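Consider the two complexes below, in which chain A is the common component and chain B and chain C are the respective partners.
What follows is the complex of A and B.
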């Protein structure tokens, strides 16, 4: 049976999920086509909107800084309302799993690299780590792990001038572990509250962990731990640790596999489901069919069989260089692999990078350029297709990494793309 | 003070380390000074081929004979640094039959075991060789880890009483009349640049004799000694392009007169493509060009076609310290001899107690060391035999039993095996570690114990620890381990030093990585950028950028978080609420 929807969204990350939900809200039938695991498992789970613009000083109010952005910045194209709509949609989807919606002002959270970072929405599990809070802090690291050293991280926060007392400590993670245990092993132990032997007594892993930390607590009112505090039962783990310790507990987001990122991916998946979006997972989109400048279908490779998925409107949310929504080659240059949308880039690949690792990196700007309804534009600035829109990191024009704006750009562009796709699909039906 | 003569060796590359070991083993007092970390110069920037001599068997048979002798010695004394991959000289249809024949016969003449293989036999050994190759010659080439080899030589020298000073560039050669009496070094300050001495200070080291083993830098040292006739080393740069995996397990050479892009060396987890040869003015400042990288991939894919589609992780350049005696007048640097020369400055320039060793190649470093040590000993009437060809290096001592390291040290067998390969006979000593021993670098399977051992040997210089352990040298180019390595510095060093060392390592990785930025590796680099900038915010880290953050201007929490009713709020001055 032929697959036909009003809207097909390609890519199941933050942008794809929000675009699908947004489109479904207009009453359109929506299908989300995803291939690989989303890059959210690499992401901190913090929702940054705009943290920096050129200077090294963090931005307190991202909205006040929007005027200074260049005209081709995705925010300038989408507009402030789109950012606010995107965050509103996000807040609705995540509920009390996240905080930060009470204010326009950015929060500064500690990173596992020991810096503080401006962000707009943060998982509730990280909230007690906020650095504009003056309560004293203890940062705990584990000898069984290598991501950071608790004392070193604390020293570095102090060097940044945080307005509170901060100490760090290296603890042993209760229980016995193979030397090459992965982060998931520790998480599982807390998630299931597995029994461990702690100083001669058998007890739950959560209680044992609290006992291990307690002697170092001093007058700290909050305790930071690597973000591995539970998976399915993360709330329970968090509450149990706080109860045993008598102090607030917060997670410090880390690299892959990132639990805050994966928890967000789970929440998004549930929300997409709930919005009535159909999901086709596991097969890549490998091509398309078009007529008179409009896409009629995308071709999905289903275990070697090429299946057309028909729709009136399409949203491209396949990610950037990391998510492989953008490809590059020594000879072909920089390309968008599904629709071959135009991606401005220097011809000489030695102009793709800056010599300084943290310099102004041209590759970070790679991506499609869009009009105000998020349609990717060709080199002569005409829409590539009348009914193709883009959302998220596949859109270029800004170094969202340096700006700390990736999630905000994803949300803002997703709501615009999703809404236009949904509404235009509805018009199609009226005409037919 | 002992009455042993004191010899200063300038240069911590393979030659310098080899001389230091040799002289120290013969009982001389030795100080080795090196401007960077060990292998800072050319040694650390080569493709890692242990020559069988086959490469020189037509054009330079003296070098070829030396190579096969030393090849055999190193397999013996440095077994933990050497992998006997074997080598092939591969002939393509367009390559000359006459040259092929000369190569084969040349090998035999130089006592290099060489065997002709049909195309089928060669492709059976290396299935990714091009289908249209004509035939090949099999020779005992190998791969050698130059870092490990230098470090082992330095360690052996230290065991015999030598003093090894890294990050100590020579700022002056001390003279009294026409005699060299020592050198003045600067103990550099900075994250990795402090091993024993007070950083930022200068030190005059007096000695009875000075050996200049600085390769491409020999001329600069000569100038400091006021030599009338300059030492004309002609630095020739060459590119090495690192692939993410071993497309071949045998060293693959193109069987034709030497040219660019004609060798692939399997090295640890990678394959290294080499190289070019372009004369440069300054060994420390020369252009690194895109055409060189492109040529490696395009030309060598004529031998191994999958290289065209394969992933490169980085490229680096090395500078060969080629030397030719004055008046030879070779115009093309590729024609300059690979032989080495001992320049006694008393004979040459009327400057006493000072000798330079220039030219030569990595495979014969030990032999060069022996010759110059003989020479120095003769000056002091010391009648001691050279023992460097017989006594195994630390790490290669009596290492015959491959034990089950997984069981013994609680690490998975692939990790244990790789650790043991790197550490050789030092495995027990290093892995017998107190406390948890998690994996720090997953790409190269390096555990905390090995990183700590590297730090013990090289101080807070994470690039030196990288060279000792290979941590951060794999596919991710340090994305997932630069910060972990820096965390291992803490305790022994303060947070500031650890962070500086992290930045230094991160920048060093970027330097080579940027030559491989397309396809999967660009995607990998974007992920690395994201992890370090978005997740960690290292690019805008207020403690590093000296940005003064007004914490009170930011969100201090919704007050709805679990148990956060007591949340304080930063006062507008950034101080603690209640201070006023």
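What follows is the complex of A and C.
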């Protein structure tokens, strides 16, 4: 029994990381077991609490809208205090990398499709793009990036009725690239401020980029760029561009690959490490051992060998359908693959979806149901195991994508699950 | 842009009684990689984890090299793109992919096919790659006369000729051969000092700890004997790692056959197989069953462990370390990519944090850039050093001037970029628990 902790958290995304930190705060020894890279790598990096509820109009104050949510919504189960605790913990972990904590009200930020999105917390690098601000805006796209067009983005923003002047322009990213060069290449160039040839002169990539944008600046007071402005040295890239341009610079969150998401993943990992949590990454949890309704260990598949990891308390934070915390197939239906927790779903899989792509999709609500301490419940509403809790997208009951509520659900459920797991592990120790 | 450009008559609302998979592609090859290719949902986690794509604007990244190229070459007139040779086989894409697409398996297969069918077998590049991947053969000759070999390898003219004639970078110093190989030491010592039919391990030392750093092998033996294990040292060949990376799959198979047979005998005698090099354990565990169909290959995969991993699982290594003490020393630890893929990237840091006297700092997630033989090639040297820059930077910022890693070529790169002396975790573990 070599590998043993008080608490084991399965899953290393937003929910798993926050649950692990929360549990470690209670004094418990915690191990985070994570398999592949989390969905944060392709998430926008925006932290939403509640953006919409059934109508096309964005919600101004998410907390004021909580009462209208159904009883089986994770927010209704966890309660408003849990949402506030979750965001407080998040704010503490990310420090000045994020903004929005000064108010309960949603901020509106531009997306790379040119839409405007309500969100509760946003990376500081995106802050100057806030659409309630009336300063004129230039949106820059790059010819080397086919997935993003500055002109189109500006047109869409204008059509959305933003209260400022906005124009878009396509520039060349300084340096030469193959047609299918990766976004990571552009970022690395800025991150290291590598030398590039720009109009006959060799200069740093940041300066060259500013020079490329400058002629289009006009009277724009702020400049939006796709969110690829640096990785490890993102702050420096941001400051250098602002200095060269003499205007505020902001990032517009993109689809995958998403640097704001990756930076958040790095920040969370450092915070988890700093909280004294042990991390085992790279191998999946494939099963468990239990005695008298309590889990005694989870089984990690270490490249073909099954290794038990023992603990008193366990948190399941393996994600939803995209994160693979929930699986589905023709024979078994919809399942939670590790503990086989109950997931309510129609038996006929033709009832899993609505024919309208953006309709109310039943599959979007798939996930485990939990009690108020986040224990997954069986079909007869009893805890599956006394010492198993769930956090994040593995919990169902809401279409978090349509509502824009996934980050808030992850944070709220993570603090409840982490705190209960940590505290209950302490009582185990007293009894031993 | 969508993959499906043609309208389909598929109607999702029609009930289908029985599912009949449609065979879209001819399945003439040995390995069916289609399910793997289909699993890709283009999240780009692999591309953002690729250390080569980050520094080389011409490299199209693992998503192209894997699932996309696999689909492309279903067409009769599309050859494998030569950019496959720029993949360093660090296998980070495997570790990244949330959908378990077998990316490195796809790369290895494509590279093997490219080298076999499209590369001129009389070209200098082919000969150079063949020579680099068969390091073991060279080393076994060179180490017979270590002093003379080291003398010649250390000469400026040797490295100039290597660069000019073979395309092996003269920027790096050739690793020195030990005056006594691990196997010579093992024989002289009279083999195992502990006999225990209940606790047996077979040591896969690989080439480097045999010919170049026997102190790592000796540390492995002393540590395992201190925990009461009977250590066996079976006959063995190269694990195949450099061969996979160079597309020399026939060479790799030849070596694998010997390893599967000889280590298989040890497994029959109750032993588990222990490697000290994380690329060797990676090859035995993952690449062998993915690439070859040899009797006993699954069994070997299932019985192979990295050395400290084995002790963590089977012994109370945490307590043993917590109760020990070593002379004060700081280490800048780098986790090799292949260790990461086996879930071992945090192991040394986690264990040695609790060792009195030792200070250990993880220098971050970046790849060292050398990837075995990759960084030895003249045309890849610059890429290799660009990838390594982040690690060098973090090492400089870490306490002290001693590095630590499990991988011998990562160690070369760490030393090359910083001048630090580099230790293997087993050497520190030996000081802690086997003295």
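FYI, the second predicted complex is superposed on the first by the 431 of 432 C-alpha atoms of A that agree within 3 Å, B and C clash if a C-alpha of one lies under 4 Å from a C-alpha of the other, contacts with A are read in each partner's own complex, and residues count from 1 in each chain.
One rule holds in what follows: contacts are C-beta pairs under 8 Å (C-beta built on N, C-alpha and C of every residue); 3 or more make two chains touch, one makes a residue touch a chain.
Given the structure is predicted, the values throughout are model-derived calculations rather than measurements.
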item	value
Contacts of A:280 with chain B and chain C, given as first, second, both or neither	second
First, second, both or neither for A:181, with chain B first and chain C second	both
First (chain B), second (chain C), both or neither touched by A:149	first
First, second, both or neither for A:205, with chain B first and chain C second	neither
Residue contacts on chain A - larger count, chain B or chain C	B
Chain B versus chain C as contact partner of A:252, first or second or both or neither	neither
Chain B versus chain C as contact partner of A:272, first or second or both or neither	neither
Touched partner set for A:37, first chain B, second chain C, both or neither	second
First (chain B), second (chain C), both or neither touched by A:3	second
Partner chain(s) touched by A:262 [first = chain B, second = chain C, both, neither]	second
Chain B and chain C footprints on chain A, overlapping residues	42, 146, 177-178, 180-181, 256, 322, 324, 330, 350, 353, 355
Residue ranges of chain C in contact with chain A within the complex	1, 12-13, 15, 19, 42-45, 47-50, 53-61, 64, 95-100, 285-286, 301-302, 305, 309, 312-318, 340-346, 350, 389-390
Residues of chain B defined as touching chain A within the complex	290, 294, 297, 409-412, 415, 435-440, 447-448, 480-481, 483-484, 486-488, 490-491, 494-496, 498-499, 506-507, 509-510, 514, 517-519, 522-523, 525-527, 529-558, 560-564, 566-571, 574-578
Touching residues (chain side chain A, partner chain B) in the complex	42-44, 48, 51-52, 55-58, 60, 99-103, 105-108, 111-118, 124, 127-128, 130-135, 141, 143-149, 151-152, 155-157, 159-164, 172, 177-181, 221, 238-239, 242, 247-248, 253-256, 258, 320-322, 324, 327-330, 348-350, 352-353, 355-358, 361, 363-364, 401-402, 404, 406
Chain A residues touching chain C - in the complex, by the definition given at the top	2-3, 36-39, 41-42, 146, 175-178, 180-185, 187-188, 192, 232, 256-257, 262, 278-283, 300, 302-305, 307, 322-324, 330, 350, 353, 355
